[in-house]
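Let me give you the structure first, and then I'll get to my questions.
Labels for the chains are A, B, C and D, by order of writing; each one numbers its residues from 1.
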Amino acid sequence: MKQGIFVISENEHLTPAVMKMKLLGDASAITAPGQFINIKLDGMFLRRPISVYDADAESVTIIYKIVGQGTEKMSRMNAGEKLDILTGLGNGYDMSLSGDAPLLIGGGVGVPPLYMLAKKLIAQGKKVSVILGFNTKDEIFCEEEFKALGAEVSVATADGSYGIKGFVTDAMKDGYTYFYTCGPEPMLKAIYKTSSTSGQFSFEERMGCGFGACMGCSCKTVTGYKRICKDGPVLEKEEILWKK
Amino acid sequence: MKQGIFVISENEHLTPAVMKMKLLGDASAITAPGQFINIKLDGMFLRRPISVYDADAESVTIIYKIVGQGTEKMSRMNAGEKLDILTGLGNGYDMSLSGDAPLLIGGGVGVPPLYMLAKKLIAQGKKVSVILGFNTKDEIFCEEEFKALGAEVSVATADGSYGIKGFVTDAMKDGYTYFYTCGPEPMLKAIYKTSSTSGQFSFEERMGCGFGACMGCSCKTVTGYKRICKDGPVLEKEEILWKK
Amino acid sequence: MEKMSVELCGITLDNPVIPASGTFGYGYEFAELYDINMLGTFSFKGTTKDPRFGNPTPRIAECTAGMINAVGLQNPGVEKVIGEELPKLSKCFSKPVMANVSGFSVEDYAYTCEKLDKIEQVGWLEVNVSCPNVHGGGMSFGTQPEAATEVTKAVKAVTSKPVILKLSPNVTDIVSIAKACEEAGADGISLINTLLGMRIDLRTRKPVIANTMGGFSGSAIFPVAVRMVYQVAKAVNVPVIGMGGVSCARDVVEMMLAGATAVEVGAANLVDPFACKTIIEELPAVMEQYGIKDLKEIIGGVK
Amino acid sequence: MEKMSVELCGITLDNPVIPASGTFGYGYEFAELYDINMLGTFSFKGTTKDPRFGNPTPRIAECTAGMINAVGLQNPGVEKVIGEELPKLSKCFSKPVMANVSGFSVEDYAYTCEKLDKIEQVGWLEVNVSCPNVHGGGMSFGTQPEAATEVTKAVKAVTSKPVILKLSPNVTDIVSIAKACEEAGADGISLINTLLGMRIDLRTRKPVIANTMGGFSGSAIFPVAVRMVYQVAKAVNVPVIGMGGVSCARDVVEMMLAGATAVEVGAANLVDPFACKTIIEELPAVMEQYGIKDLKEIIGGVK
């Protein structure tokens, strides 16, 4: 983990409710896809944890949904403004287990952390398939970005307004060697049930510090108590214990 | 009283600790010299009450000393930034009692509210004399501004590094028809004793709201309890009851 | 069109927003800023049997997201309030007003309430039991169920108007005090009064407040207020007025979900004299955002 | 060169800054960020007799200038703390550490403290009496002088290390509880623990915290903390550790003027993992600004 001041270089809408923000600064602490950053905002006591969409040594890009006062404040920020950010938080995805043909499954704001993962897996020569799930056509983002990486992309919409009608699970076809997923808990549960291989799940929980100090985001797993922010957000299929 | 958004057009040092800020906006609520404005600052709960140095319908100018976190924050603001301000607060000086040759006596940050008073009295054809008191030469400001109005200006410094050595009372000569003063309480008390005519005193007190609602700044007077922010800050010599 | 009206002890309020006592004077000065008839009502400056200057100054200390005040119940005394202040108010406010009463003995409370009971303008008596009981070793009436009971009974005996007990949050068990007041006949409970706080000036090394300590209010105390309103509203059957750090329309909705029938706004008025006007104007949009058709229906609606 | 060292129950601290329990884990994870030997000491995660997962999530709610937490004393239990956590700590922290102990019965407290008494690394036992007393109707030990006395005596009987009682602010009379602890043999008092608070999610209409209510901390509560530290420090003769909303070096000085011998920093660590490092580095400049040559000399120095 590193603390640093970042300068906003881009903050633009991808959909009415989803924005992409590029931040320039020392991002060297980001070591794995699926990690997150924690952003301090004026007037807000707690930082805002947001998963990393893409990063290199000098920049980090996030895609966030406007849901509350914090993200609403972020949506009104302009290029040139500065932010105090903790980077390199969380374990991130373990790429060593992917096999030759990994499947990446993202739902809604669970899509962004899969981008850097796909990029790195493809760079390793893996045959990457991606399934993106959204409620409806107007909420779709990043389809082109994944295609541009060379991934095989299919999109599912709950209302059938685009791509496959239904949930991401309706778009899952066998043949993948391993899977990585991030999205709302009902989606994760459905994937847990229907998936034919092992895989990794990225979880969300309301966090205090985001770096393991406060125990605010603990969960029970087969391998003991874990902190979503520090021992997670990524858990392996075999260790998950779903909340009742 | 009016509430409005003002745009900073100037914010410059007069001395290392004293700054002048010009604000553009609807200042029509400012009806008398000696009134003050109350400024909302991000991250500060209470507004900052600052006396008016000069004003016209479209702008108000203040001179403030950097004493705490609020004024320190103000000192770092730049032209173009906006402030939420309540204007036209307090009773201000009553010019109708000035006579032909009023004396204006200011000490330190008590000097600014006398500027617009001098300007208006001179515009009425009064022969205005001004005494400015400071601790030392380096802390002097506004001497030239008062001279430019056509006032007869004398300066006293406690350490004698400029002008008359001593306090403002050492510079007071008889011949004035009435006086107006603003400054630290010890100075006001000295003037109360040595003055040979009636006059008006502008007082300072720690305020809550600044517009008469909270009773935070009450004082006892011959004519009953008064709120420095609303019934003051200007009191007439005859109604003053000094705190023990 | 969203419905904002609520009923408080048999009197209908057009909306639940009530400027809190001590932050709105006797109203008529705010009437110069906007038409105060848009308010649900307001609670006027804490009034006592005799005139009071209150505490020495400084009476105000700034804090993060709040302020401390130690005004000490400055007021002209009930005779002058009835003779001078309320007539001025009647010229600009046509609704029933909430009379806030303080005292330093049970007799004080009864005396002042009996006088105000005769005034038609007065809709409710809000009895502040956070003041020190001079006959009770200076501990506030509101910190002991017995003392709160005594005050409630004494006031109920001299008035036919609804009596609302305003409770101090500086207690171990707010529920036991609220219940004691209810059993003694209180028609409503309002809370929270200010938290006892203190600040020290690092330069002078003296307390910022001349009186050393004072009442801490402002958005900083909102979570404590929501908690106590929730606990009390669950425990009593009389209406609860929620207050403490309310500064926007969303806070009003949160207080009502916690169990408040009406909501008082205090310190926010001191930072923005138009705070209550703004909150009332913003309420319909906030209600729509959260799917609230009728405010009455969300009172105590927390799941 | 300003002098920052203070003495806490016979042990000298290089400076008065102490990360508060529950915001610094068992220390070694923060040692990856900076050399934690620069701290006066730190109070480790609240430890109980048996391992605990704590409360269901969500456990955190954001507030203006603060946060509510309801972690529920998640910890691996005293055996594992002694067997696994403290050995890890000893590799990166060479000073005496403050052991924070919680329990749900007097026997729990005594059991855990007796175990920790044997550990050389442990310099002080900070006994948190804010937890519910399961044999006492769930009311927290810290809300009744009798219960606080019982716990203090039981702990003193099993340890030779200094015992510091950490008090809850959710009481009517903090002084009586502090005095009861002192009379029962407490070597020090630390306060304030969190205020009981609550927030409601307007969208779901549910409490933000799964446990409904939780402990409110952060700069919002600082004025309440300063007031209680002042009241208690005047009333007792043992050292007082001040905490509650401390977030900068100026706050540390204000707490010490109020009567604190040392100062704990809590929620600030969760927003900025370097908070305590920054505060310690800023202290000399703040001391110079206010003409403080030796921090020891301003303890309780408020006029």
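As a convention for this text, contacts are C-beta pairs under 8 Å (C-beta built on N, C-alpha and C of every residue); 3 or more make two chains touch, one makes a residue touch a chain.
The structure displayed is predicted, hence computed values, not measured ones.
Steps from chain B to chain D, taking the shortest chain of touch contacts, total 2. In this assembly, the chain whose C-alpha centre lies farthest from chain A is B. Counted by C-beta pairs in contact, the busier of A-B and B-C is B-C.
Centroid to centroid, with C-alpha atoms defining each point, chain A and chain C lie 47 Å apart. Taking the mean of the C-alpha atoms as each chain's centre, chain C and chain D sit 34 Å apart.
Each chain gets a centre from the mean of its Cα atoms; for chain A and chain B, those two points are 58 Å apart.
If each chain is reduced to the centroid of its CA atoms, chain B and chain C end up 36 Å from each other. Of all residues in chain C, those that touch two or more other chains are 61, 63-66. For chain A, the set of residues that touch two or more other chains is empty.
Arrangement of the chains shown, judged by which pairs touch: one closed cycle in which each chain has exactly two touching partners.
By the definition of touch given earlier, these chain pairs are in contact: A-B, A-D, B-C, C-D.
Touching chain A in their complex are the following residues of chain B: 42-43. Residues 22-25, 29-30, 32-33, 45, 53-54, 56-67, 69, 71, 74, 208, 218, 267, 269-274 of chain C are the ones that touch chain B when the two sit in their complex.
Listing the residues of chain D that touch chain C in their complex gives 61, 63-66, 68, 143, 170-173, 195-200, 202-207, 212-213, 216, 219-224, 226-227, 230, 245, 250, 253-254, 257-258, 290, 298, 301-303. Every residue of chain B that touches chain C in the complex is listed here, in rising order: 1, 3, 40, 44-47, 86, 205-209, 211-220, 225, 230, 243.
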